[in-house]
Amino acid sequence: MHRLLITGAAGGIGQIMRKKLRSLATILRLSDISDLGEAAAHEEIVPCDLADSKGVRDLVAGCDGILHLGGMAGEAPSSQIVGINVTGCLNLYEAARAHGMPRILLASSQHAMGFYRQNEQLDATMPMRPDGLYGLSKCFSELTAQMYFDKFGQETAIVRIGSCFEAPRDRRMLATWLSYDDFASLVDRVFKVPRLGCATVWGVSNNDARWWDNRAANFLGWQPKDNAAEYRAHIEATQPMPDPASPASVYQGGPFVEKPIVHDL
Amino acid sequence: MHRLLITGAAGGIGQIMRKKLRSLATILRLSDISDLGEAAAHEEIVPCDLADSKGVRDLVAGCDGILHLGGMAGEAPSSQIVGINVTGCLNLYEAARAHGMPRILLASSQHAMGFYRQNEQLDATMPMRPDGLYGLSKCFSELTAQMYFDKFGQETAIVRIGSCFEAPRDRRMLATWLSYDDFASLVDRVFKVPRLGCATVWGVSNNDARWWDNRAANFLGWQPKDNAAEYRAHIEATQPMPDPASPASVYQGGPFVEKPIVHDL
Amino acid sequence: MHRLLITGAAGGIGQIMRKKLRSLATILRLSDISDLGEAAAHEEIVPCDLADSKGVRDLVAGCDGILHLGGMAGEAPSSQIVGINVTGCLNLYEAARAHGMPRILLASSQHAMGFYRQNEQLDATMPMRPDGLYGLSKCFSELTAQMYFDKFGQETAIVRIGSCFEAPRDRRMLATWLSYDDFASLVDRVFKVPRLGCATVWGVSNNDARWWDNRAANFLGWQPKDNAAEYRAHIEATQPMPDPASPASVYQGGPFVEKPIVHDL
Amino acid sequence: MHRLLITGAAGGIGQIMRKKLRSLATILRLSDISDLGEAAAHEEIVPCDLADSKGVRDLVAGCDGILHLGGMAGEAPSSQIVGINVTGCLNLYEAARAHGMPRILLASSQHAMGFYRQNEQLDATMPMRPDGLYGLSKCFSELTAQMYFDKFGQETAIVRIGSCFEAPRDRRMLATWLSYDDFASLVDRVFKVPRLGCATVWGVSNNDARWWDNRAANFLGWQPKDNAAEYRAHIEATQPMPDPASPASVYQGGPFVEKPIVHDL
Amino acid sequence: MHRLLITGAAGGIGQIMRKKLRSLATILRLSDISDLGEAAAHEEIVPCDLADSKGVRDLVAGCDGILHLGGMAGEAPSSQIVGINVTGCLNLYEAARAHGMPRILLASSQHAMGFYRQNEQLDATMPMRPDGLYGLSKCFSELTAQMYFDKFGQETAIVRIGSCFEAPRDRRMLATWLSYDDFASLVDRVFKVPRLGCATVWGVSNNDARWWDNRAANFLGWQPKDNAAEYRAHIEATQPMPDPASPASVYQGGPFVEKPIVHDL
Amino acid sequence: MHRLLITGAAGGIGQIMRKKLRSLATILRLSDISDLGEAAAHEEIVPCDLADSKGVRDLVAGCDGILHLGGMAGEAPSSQIVGINVTGCLNLYEAARAHGMPRILLASSQHAMGFYRQNEQLDATMPMRPDGLYGLSKCFSELTAQMYFDKFGQETAIVRIGSCFEAPRDRRMLATWLSYDDFASLVDRVFKVPRLGCATVWGVSNNDARWWDNRAANFLGWQPKDNAAEYRAHIEATQPMPDPASPASVYQGGPFVEKPIVHDL
């Protein structure tokens, strides 16, 4: 791959991927509205607001692949959810359509499915159950990807990221944790497989505790290596047992299911 | 029911429902941005733009039920899809939440699922496959309804309307036709059943040709009576056979799957 | 059929079947612990306590078929549930095994599945969810039937009766009603089909509102004719709307889900 | 349709269809190895051995549709099964490919699925379980149709005919009967639907007793009208009860499951 | 956990768990009708007959968790099955309800499902098929657990134990073996997971030969480590090949499916 | 096992199995129409044309097991497909029936399912979709095996071989590769398991990239050890990226889906 665009490159995951993916393309084009520091020799820095349709079109020009991490990465007021995530997603897919349809890895979220219970096993085809406006915008993005594939052939890997951190932070993340290395190896597979289509992948490591069935993505040949169970004894020893009746214990979305909706449109 | 709000009451279906549902509530509150004529004795006319958050909140106040037909009813540029359908939907659900959560019948569309093939049988749980921006906005509305139910208990009947006209107009509508009477009887059931939850219903008559399985909505006790097959001989005799290879013959969305995307945000 | 045994023949359904089934066998052997009145020419009256193992063995001798309606027909203390329903069921199946394994129609109940929600569609294979001790005993009876079939070849029609009355009595029965005529025609089919196996049948009329899918019993050729929807207008006009949040509105078992457990063993 | 070819036109079903389908096409081309009598004004008679590759190619030339009833219509020695049914099927599909791929209605048989039990519900997608060499050749034909569709786009309606007679003849046919009128109306739908694909249809009337689920063919708009139940009282009154343990009572294929295999290749 | 009750603590599995689980709770309360020897410092020994309702209530008082291994652990006459297993189960759940509903691990058995064939894959939701009175009592216990969860919120892990021994003893146990260590780690997970609900788990090690799919229990994070395949070469070399046609070779329940029913109620 | 017959023993897989399976039986009977070289001490060489019914009968006499690798192993003209594969399969099963029904391992092929897409997950029960005449003959063989099992009890392991070579040769084989060792261990399990029935197994190693779900064969206890992913870096580095739009990239059958049909019967 000659040029890989990373949107949201200044964010938590973006900063890590900037380092881990440097050998995946000759040039990494990094974009964000926040400061991205100095560009290394193999990097291009292109600040861009995803809500700016024209800017996004320019941003995508010349790229062979897109790792789309940009947008609001958590619950936010409806003006931002619609103005940035919904609009930004349309801007990105239109830009890709205008520029040869480079393959896209779309960072979706488990919060598109957050109202399933923690003892339910989900696969890639079950109905969406977003746990808030943020989850709703991720559903919208997933369906945009599906529509552009059905209508134009645009390929996307929809990755429903669980909890992508250095290490799992609480009991819930024993099931939802995605290690940085496993995410990086997934990105590698997504951009190297000959044919991607529009595939939905649960972005989760090889944890003993599992809520999500990745069978539909087996064709990618992705095999996550890390396991949150290594952190279990420590977490169980140091954190208080949560109230089993609280929504955050019942639902996969955890604390997101209880966050308020702020409507300011 | 004391007061039933009908949004989009000046539209094609809205005008018919205005007549057919007059005995369903003491007062029909009719709303649209287009002219609604004179209010009858049992009617209230309240013009409102769905994109106006405050206006919608006032519109919903005092209503016991909402038949939500408003918004763009076909493919449209992204500025209208986001500005009216997406925003309007959020406005409506926030307004309902602010005013006691009256039951909502949400007019969704088969175009939320338009990229399935005509020889596939769909049920209420299969993944969405919108056939354009309009279909995408219907997906968004359905998922908004689901989220407000999961989070707040707001009840909605999501009705995926096929082709709601006086009579089926072409071969495709032999499968997708929803008669006005059958739609009216569905509205009746939705507002009379003791507990609705968030139910997805295919809005289609009892046609011999069927693409959609309404089993998940059996609990409503809705039994459509009309059958497009009565029009089959006439349609087959008077209309040329469509090209079986054209997308409009292959996909359930028919001509919608070939409509262009206009992005003007 | 020469001799058909009806247990529980003095009960509500038993009295009706006594009349409706008179042509199904040369002799109807009627049994109950309550008074059964005078025997007609084609009838034999054999009082019997189902908890009496030896009595049940004698009761079954010489019968070609058994319509097993006997036992506690509603929630009851555990001593009666175990002493009569559980023990009586074992007594009956052992008696049948000792006497040539006459075909059995076992009156089970929807209360074996009462904790499913009213908007869920059930078929014959879904996990049991009894709504009390009565439902639990029905589960036990169903599984006894299954075990005697697997182990010995004893045939049974397990009929999960909804609400078998003269007419539906409330909104819930618009979905659960089984008319007497439909039940009688089901009994007819069960005893006339060449091979029955161990089949689970939902005992419900052809109601517009349906919670139960009888596909697995289609081989019987049973086609219920009555429809509770004929009573809907009257019921909706004369009965207050139930609280949609009450367990009785949420669950299929209706008021049974709220009945207390009385444990007196 | 200008010219419809009927193979096996001298057989039981062929003779009836010759009469019932006369208005379906301007010309009926009738073929068989047996005598077909005089051609009527709208008929062409073209004798042909299906095992003759060249003859079949000529037979198909100029036809717009094919109703393929020809070949051995019951259990037969392997030399005939392979020599006529297997080879004949390949000959027919190659001929169709050479001549513009006219739509084909392939007369398959329930004996492609004969080893399922009579209390099992089958749909169009369950694994094949042929009950002898005849059934095996029908499986082969169905898969040939599927392969020619996947590879070349050749359209076929695979019709698994139950028991196509004037009336049901025994208890088993209460479930398997296909009336002549219902078959004729199915042929009509198959050749008039704009897009057929490669569809599997159970060829069975609207009988109360059902083993087969035709949902996958709902898109055709075919609605069978006849019901074997009208003959039930007569059949049950005049025929002895079959042994429920005999294979013919257990399996859907009935007596076919017990027929010997004659291998003479 | 402060106090864990182990019923059936003098039985085969009970004696092992007494040792392996000593660090799981501050106090192990051990109960049986057989002799339990001396209590260690961290143990309490409370003899109790499960058929004694009052005794069981006292037994459960003060416990934070229950490992319920008690009752008849194999085929037995109906008087014992009903008198001990059925009654004992009701006694236990009523006792738990009276004392704060401590979490229960219910030792069920594969014999609740023994009449499935050895080449069938079972999951947690398939219909029960008990292979005798013992299996029937296990079904009853599982459904009691489900009912107390649905009605009162009582949490249970239903563990369908395969063959829990030091090592697999025959070819069948190559698929059914549960090592002591794996069972102990399962108990650990069941009592440490924040929210259990009413979960069905197949109690089986990580054997190469598998009949059971534990996906529904993935949320527990239990990962069995042992594998019966390590014993395969030895078993195949030293044991005669069983008759493949015998019921014990056909069905998952093995020799249980052929055990006689003894009815002495 | 005393005598194991290997048909097609001179072919690519046959030559390897001749070496790897020498300890599986006292005598290996090797057969082919090509030269098989010298027989070792534990070998018998019996040349045979599978199209010769009498020859095949003699070939099978005295064998306790059959590894059936013989026949055309790739696309071929219809005369060979019917004359060798179809006829040869019938010859083999009739010979087995005549000689005590020794267990058969039937070498089927993924080309029986070649028209599924590479991002679809297949299991053992999905409808067949052959990608040519070769695949069609494999379907026929699988169904012959099923019919002989249902009718006569003949046991077969139907093994859908992916790509059985020394190493994977291209990107597609990263998903389809079956190592020789893994195939040999599968043969071992098939002939040692007490009861086989008629089981369908995907013949594929433990590759990271997976299209096929072998759950239905879990009862065999087969655990493949090799993983094509070890060859991935090399293959991706040395082979050009295939055109993602070419049928060979889209369908599981790869280049087979584009091979022409040669009909010369």
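Note that the chains are named A, B, C, D, E and F in the order they appear, and that numbering of residues resets to 1 at the start of each chain.
Just so it is clear, a contact is a pair of C-beta atoms (placed from the backbone, for glycine too) under 8 Å apart; a residue touches a chain by one contact, two chains touch by 3 or more.
What you are looking at is a predicted structure, and each value in this text was computed from that prediction instead of being measured.
Under the touch definition stated at the top, chain A and chain C share these contacting partners: B, E. Sharing over half of its contact pairs with C-D by residue number, the repeated interface among D-F, B-D or C-E is B-D. Taking each chain's centre as the average of its CA atoms, chain B and chain E sit 52 Å apart.
Centres computed as Cα averages put chain A at a distance of 42 Å from chain E.
For chain D, residues touching at least two other chains: there are none. Taken pairwise by the contact criterion, the protein chains fit none of the simple patterns, being neither a path, a ring, a star nor fully connected. By the contact rule set out at the top, the touching chain pairs are A-B, A-E, A-F, B-C, B-D, C-D, C-E, D-F, E-F.
Of all residues in chain B, only 53, 78, 82, 86-87, 90-91, 94, 97, 115, 125-132, 135-136, 139-140, 143-144, 146-147, 150-151, 257, 261, 263, 265 touch chain A in the complex they form. On chain E, the positions that touch chain F within their shared complex are 117-119, 121, 171, 174-175, 207-211, 213, 229, 232, 236, 241-242, 244, 249-250.
If you check the complex, the residues on chain C that touch chain D are 192, 194-197, 199, 215-216, 218-223.
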